[in-house]
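Both complexes shown next keep chain A, but they swap its partner, so chain B is in the first and chain C is in the second.
Now for the complex of A and B:
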C-alpha cells in the first residue's frame, strides 16, 4: 500500500510548447509500473542436475564442482560429503554412472567427474577435519555388521545424524570388499586407511576381528541396540560346478585377491587361467599379470555381455591379459594331484536369457584345452546365510527387504550385496544411506514413506541426505544459498538447456601410469594418478551447472525492462516493472529460472 | 575540387553517404539495393569512411539498429527495397515518431506476388503514413545530391528522410555524376549534434509510455515539423545550390508557361516525359511537365501555386497524373493526393489519372504520348486509365 501512495505521478504539461519535440522522459518514469501487464512471472529455481539423478548416492556434484572451481576446497569437500562419505575412494573405484547422466555428453563428452572427485578427495587429503554431526547426540545406538562400503556409509550417516554406532567386522581390518576385493593398483590401502580413520575420529566404534558368526549373536545385538544394519556382503565364491574343481591349483579369484591383504602368499606359477567376466575376474587377472604370469580370461559369452566395467577390461587388455570369449570350462585336468589345465568347450550365443543377455549354447565337438599353473574362478559371489535368523527370508539368493532395507524385523535393516541390488560400491553407499535415514525415522517415530516422497531424487529410488536434513530442520547446509530460490525435483535434460551458450569441448582424460610402469617394480602403484591443478581446473570449467545459477548475468543483461538487479549474491526481480516477457528465463543457459502463472489476486 | 564520374545510381547513393560522413550503417541486402551497401562496406573496410558497419539478419533489425544509433547521437543510414521496406514498417514509425533524423534509401521495386524485382513505386508510397519525409529522384546526380541534402534536412527538422529512385532504370544504370569535394560537403553539412541523445551522464528514457494526456500534443508537434519541412527543404536546397551550383525544388515545372495540359510525373519517368514533350511540342502541342520531388510532406501549397499562377494567371485546363503505382481499390496514389490538394480550388484543372509502367514495364515516349492523346481527347476524367494494358 505504501508503495502505491509513494508512487510518482507522470509529469503534467500545460502546453505543447513546454514539451520536448520527441517522447522522452523529463522526470522519473517510475510511475509507469509495467508489472501490471504481467501474466507470467519469472523466478529463480534450483533444478536437479542429471548427473545427480544418475548417481546412486544423489551426490550434488554441481554444487561441489562450483565450490571447487572457486578454490573453496574444504567447502567443496563438505558439500560432497553430505551425500557420499568418501570422495577419495569413489574417485578411484566408482564406475561413475553420473558421467552417463552428464548433459555435457551431448556436446563433446561428459565431464570427467570421476577424476574430479578423486582430485577433490586428494586435495583435502590428510589435513581435513572430520565431518561434523548435524545433530546433538540422540542417546540411541546402532549396531552395524560388516565394514564394507554399505556398513561404512550407514555408520557415517548415522553418526552425523547423532546416533552412536558400533561396527562389527570379522576381519582384522575394516573395509570389506574395498580392502579385500579391490586391488591396491585401483585403491591404495593408504587412502582406504585414511578414510576409515576419519570415521573412527568421528566417533564410529570398530570392533574388529569380532564378526557375528551365528544367528544367536544377531538376535543379541537386536536386543542390545536400538537398531541393527546388516551389511555382510556376498563373500563366498560361486562354485564352478565342474569335476575336480577342488584340486590344488584351483582357487577362487576372491580368495586370491584377499590373500594380498592378509599376507598369505600364493605361488601361482607362470600360466594363469581366470574364469568369469565380472570385475572380480578382471581384478584377479590384472593382479596375476602383475605377479609376472601369462594370464588368460575365459568367458562363456562375448565381450558385449561382460559385466565388468569397460574401462577395466580395456586396462586389462592394455596390460597384456588375453581374453578368450565364448569358452566355458568342462573339467579340470589333473596331473600328479595338481590342476594342470582346463578342458573347455566353445560356445555360441543363442536366445536372450532372463538377464536379457544372449544365452551361451555349447558347440558340439568343439572341445579345447588350456594349460595352466593356476586356475582362478570368478563367476560370481554368494551370500553366507548362516548368521541370518531363519525367520528372515531369502529370495533368489538375496535377503528380502522392504523399503530402505528394512527387514521383517522392524529394527533390523540390511543393505549392500546381501540384498537385491547392483553389486557396486556406489550402490552399497546408496543402501547404507537409505537405511541410515530409515533408521533415523524409526528412532524419531517418523513416517518413512512420507519422508521418502520429499527426499527422492526425480523419479529415481535414490535419496538425498541434503533434502532429508531440510525435512528435519527446515534448512540444509548444501541446498540453495538463497532462501528465495525454490528447489525443484525436476531433472534437467540437455534439451532444457539453452545450448547456444555452450561450446563443444572434449573431456580431459585421467592421468594414467604407462603400461610398462605398471608391470615392473611399481606393479601395485595406482594406475590412475591425481590430475594436475591445471588439468583439474580445465575439467571443472566444462560443467554446465545444469539447473543452477552461476550468476552469468544473462537475465540481468537481457531484461528489456531493467527489472532485474544484481545483489551481492544472486539477483532481485522487481515485480513492479517486470512485464513477464520471459526473456530472462529463455536466455538462462542452464534452466535455473522458471516462468509461472501470475497468482490471481482475491 | 569536385570530380565527374560515370556512376550507377546505387553507387551515387554510396558516395553520397560517404560524403555525408555517416557514422553508422546497418542494412540487409536486397535486389536492387545491394550494391549500395556492398560499396559502402568496401568504403568502410578501406578506412575511407569512419563508420560502424553493422551486419544484421533482417531489415527489421537494420532499422532497429539505425534507430538506436541515431538515439545515441550518430548519423545513421540504411537502404532497402520493396519487401525489405515492408518488413521495416513497424520500425518506420519508431524512427519517425521518435524523431530520429535517419536517412533511408529505398530503391523502388514492385511488391510481390507476382514476384518481381523491377521498378514500381507502391513500396515506398505505401509507407506514406509512417511520418517519413519522402523525396523522389529523376537522375543519378539527383540521387547523390539529395542523399547529402537529406541528412541536412533530417537533422534540421528531426525527421527521417527516405530518398527514393527507380530500380534498374537508375539503380543499375550509369550516368555522368559530379561528385563534390568532401571539404565542401563538410562546410554544407556540419556534424550531427542532436538536442537529446542517449548519454549516461544526462539520462532520458526514450520513447516511454505516453498517456492520452500528452499523445495528441506529440502528434501536433510532429505535424508542425512536417509543415516546416517544405520551407526547410527549400533553405537546404538554396544553400546547396550556392555551394554546388545545382538547383532543387519541391517540384519543378517544365515547358509549363503556355501549356494547356500538364503531365504530372515523379522519378525517372520524368526524363522519358521530357523526350515525349519535346516531340509533342514540335507538333505544336501545348503540353508541359510538373515533376514532383517531394511526396511527404505533400507540397499542397506549392502545387496550388504552380498550377494556379502560371504566367500571371494563365489557366491549366487539364493535368494527367502518371502513376507507376497502385493503391488497390483507390487508384493511383499520386493522383489521389493531387486531387485532394486541389479540391475546392476554383481554378483547379481537371485531373486525369493513368496507371503505367507497373512492375517495371517500360515507360517509353510512346507510352507518355498515349496518355497525352487520351487527356487531350476527353473532356471529363472518368475512372483511372491503364496505359499499355493487354486487354
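Now for the complex of A and C:
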C-alpha cells in the first residue's frame, strides 16, 4: 500500500493562471488506477509437467532440463537427485514411462528424456557429488533388508532425511537385480559400483553377505531398529513344470545371468533355447548370443503379449536372436543324461484371461521339437516367503501392504518386487521413496494421510520429495525460487499449452553400438552410449517446459497496459494498472500463469 | 528453446527495448486492446525524437483528457480527415527549425484512413512527404460505436450493418492503393508478431520519404471477442491469410515477412461474434477471396 501512496496524483488547478496557455498536456496518465476495472487477476504459477506425473519417482525432469541446458550440470544433477537417486542408472535401464507422458509427443515425438537422464548422470560421472542430508542426525535407525533398487532408494532418502540406515544383503555385493539380473551391456558394473559407493559415502552402512535367514531374525530387527523396510524382491525362478526339467543342460535364465557376476562359468554350447517372453528371457537370450550361441526364444503367446520391453525385444532381434511365437514346452528330451532338446506344442490364442491377454490354447497334434545344447527357463520370478512372519499376509504371491508399503506391523514396511506393483526399477525406486517418507512420518509422529494429500502429484499414486521437504521445512530446494509463484497441483496437458509457440521436431535417438561390434570381442560393452554434447543440447532444446516459466517475455511484451515489468529474475505485475484482460496468461506458451477471480474485499 | 521462429524469438527482437517504454500505464483503452498494444510496440522502436499526430478515433481518447497524455513524446490531436495534411505541416515546421532528423508519425484509424482521410493521405504520399503514416485497423468506426467503414470485411456485423444486412462490400485494399503511390515503404504488420512490428518501425525509421504502415488492431468490443484471445485472433488473421504480413518497397519490391500456415478461414471467423451469423456460403466465399488475395501477393513477391 505504501507503494500506492507514491503514485502520481491528478493535477489540481486552483485558478486559470496556473493552466498552460493552450491545451498542452502536463503529466502522464499514471495517476489513473485502471486496476479498478479488473475482475480477473493474472498471476504466475508452477504446474506439474505431464512427464513428472508419469514418472513413478516424480522426477522433476523439466527443472533439471532447464539447468542442464544452461550448463549448470551439478545444479541439474542436484535437482534430479531430490526425487531419483540414480540418474546414470535410470538413464540406462528405465523403461521411461515419463516419455509416454511427455507433451512433446503431440508435436513430433516425446523428448528423449531417458537419453538426457543418462547424459546427466554421465556428465557428473566420476566426480559424483555426495548428496547432502537435508536434516541433522535424528538419532533414529532403520534396517533395510535387500539392496535392490527399492532398498537402495529407501536407504538414500532416509539418510537424507537424517536417519541412520543399515542395509542387510545376502549377496556379496549390493544392487539386487541391477547387478545380478540386468546384464553389463545395458548397465555397466562400473556405473553401478560408483552409484552404490556414493550411498556408502553418504553414510549408508551395507552389511553384505548377511542374509536375513528367517522370521525370528526379522522379529529381532524389528526390536533393534526404529523401523524396518523389507525389499527382498522376487528372486526365485518359477519352475517350468514339465518332465525332466532338472536334467543338466536345463538352467534358469536368472542363474545364468547371475553367473556372470558371481564368476561361475557355464558352457552353454552353440544351440540355446530360451523359454519365456519377459525381460529375463530377452536378457538371457542376448547374453547367450554374446557367447556365440545360436539362440531361439520360445514364447507361448504372440509378440504383442510379450511382457519384455519392446525396445529390448527389437534389440534382441537386431542381434540375431530368433523368436518363435505360440510355442509351449511339453518335455525335455534327454540324451545320455543331458538335455538335448525340447518337445513343444504349437498354441493358438483363445479368450482373454484374467490379465486381459488372450490365453494360449494348445493346437492338437502340432508337436514340434527343437534341438539344444542348453535350455534356459525364464517364465517369471517368484517371491521367497520364508523370512516373512506368518502373521503378515500374502495375496497372489505378493506381500500385502497398506498405503506407502506399511505392513500390519506398523514399524515394518515393504516395497519393490515383493509387493503387488509393476516389476520395474523405477517402481522399486518409487516404493523405496514412499516408504522412506512414511517411516519419516512415523518417526516424527506425523499423520501420513494428511501428509500424502500435500505431496501427491495430481491424482497419481506418486509422491514428491520436494513437496515433502517443503511440508517439513517451509521451503524446498527445487520448487520455484520465486516466492510469488504459486504452486498448483495441476498436471499440464498438451491442450493447456499455447501450441502456436512451438514447432514440430523429431526426437534425437540415443546413440547405439553397431550390431557387429556388440557380438565380437567387445560384447559386454554397453549397447547404448552417451550422446555427444551437441546431440544432447539439441534434445534439451525440445522440451516445452510445461507449466514452468522460462522468462520468454511473452507476458511482458504483450501487455497492452504496460503493467508487467521485468525483474532481475521473473516479472512483476503491477495490479494498480492491470485491467485483467488475460492476454498475458493466454499467451504464456507453457501454462505458467493463471487468471483468478478478483477478491471482492480489499 | 525450440519455438516458432515467427512468433517467438527468445528475447531477440525484444531484449533491447525493454527499458524504452514511451507509452505509460493508466490509459483509457479497453482491456486487451490491440491498438493500444500496437502503439506501445511502435514507440519502443521509434524512440523519443518523435512527434505523434492523432486524428479523431479511439486513439484520440486512449491517451486521456487534458492535461494528460500516455506518451512520453509530443502528441498533437487533429481533425478526423486531416492526418495526411497535418503531418506534412509538422514536417515542414520541424525542417525549418533544422530538426530534420525528428520523426513525424501520423496514427489514424481505418475510418480516418480508408474513408475520410484518404484524400489527405494520398496527397501526402504523392508529395513523398518525409513522414510515417500508420493506420491501426480495427475494421470499423469503433470510437463512435462500431459503425462500418470501407475497411470492414464483407459479411461483417456492425451496428450499421446488422446481421440481417451484413456488410455488403469486400474490404477496400488500402495496401494496393498505397503501393500504387510508389512510396518508398509500405508494410502490413500486427502486434501478434511483436518482432515483425518492431523490425518494421526500425526499418521505416531508416528510410526517407513517405512510409505507410498498416497494422491490424483487434477490438474486443467491436469484434465481440474474449479479451484474453486478443492476440490469438490477430495471429489467426495472419495464419488464415485474412491479414497477410508483407511489405512493398518503392511500389515494386514485394516481400512476405510471415509465412502463414494457411489455416482454414473459419479458424479465424469462429472466434468472433461479429462473424457468428455467417452461413456456409458466406464462409466459403470469404475463403475464396482471402486465398485469391494471398495468391496475388505471393505472385508479386515471386516476381520481385
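Please note the rule applied: the second predicted complex is superposed on the first by the 576 of 602 C-alpha atoms of A that agree within 3 Å, B and C clash if a C-alpha of one lies under 4 Å from a C-alpha of the other, contacts with A are read in each partner's own complex, and residues count from 1 in each chain.
In this section, contacts are C-beta pairs under 8 Å (C-beta built on N, C-alpha and C of every residue); 3 or more make two chains touch, one makes a residue touch a chain.
Quick caveat: nothing in here was measured; it's all calculated off a predicted structure.
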Partner chain(s) touched by A:57 [first = chain B, second = chain C, both, neither]: neither
First (chain B), second (chain C), both or neither touched by A:585: second
Which of chain B and chain C A:23 touches, first, second, both or neither: both
First (chain B), second (chain C), both or neither touched by A:84: neither
Which of chain B and chain C A:407 touches, first, second, both or neither: neither
Touching partner for A:424 - first (chain B), second (chain C), both, neither: neither
Winner by number of chain A residues touched, once chain B and chain C are compared: C
Partner chain in contact with A:574 - chain B first, chain C second, else both or neither: second
Which superposed partner A:252 touches (first chain B, second chain C, both, neither): neither
Which superposed partner A:103 touches (first chain B, second chain C, both, neither): neither
Shared chain A surface residues [contacts with chain B and with chain C]: 19-20, 23-26, 29, 32, 34
In the complex with chain B, residue positions of chain A that touch it: 10, 12-13, 16, 19-26, 29, 32, 34
Residue numbers on chain A that touch chain C, as the complex places them: 11, 19-20, 23-34, 37-38, 500-503, 505, 541-543, 545, 550, 552-554, 556-563, 566, 574, 576-577, 579-583, 585-587, 589, 595
Residue ranges of chain B in contact with chain A within the complex: 97-99, 158, 195-196, 204-211, 213-214, 217-218, 220-222, 225
In the complex, chain C residues that touch chain A: 1-5, 7-8, 10-11, 14-15, 18, 21, 23-34, 36-37, 40-41, 63-64, 66-72, 75, 191, 194, 220, 226-232, 235
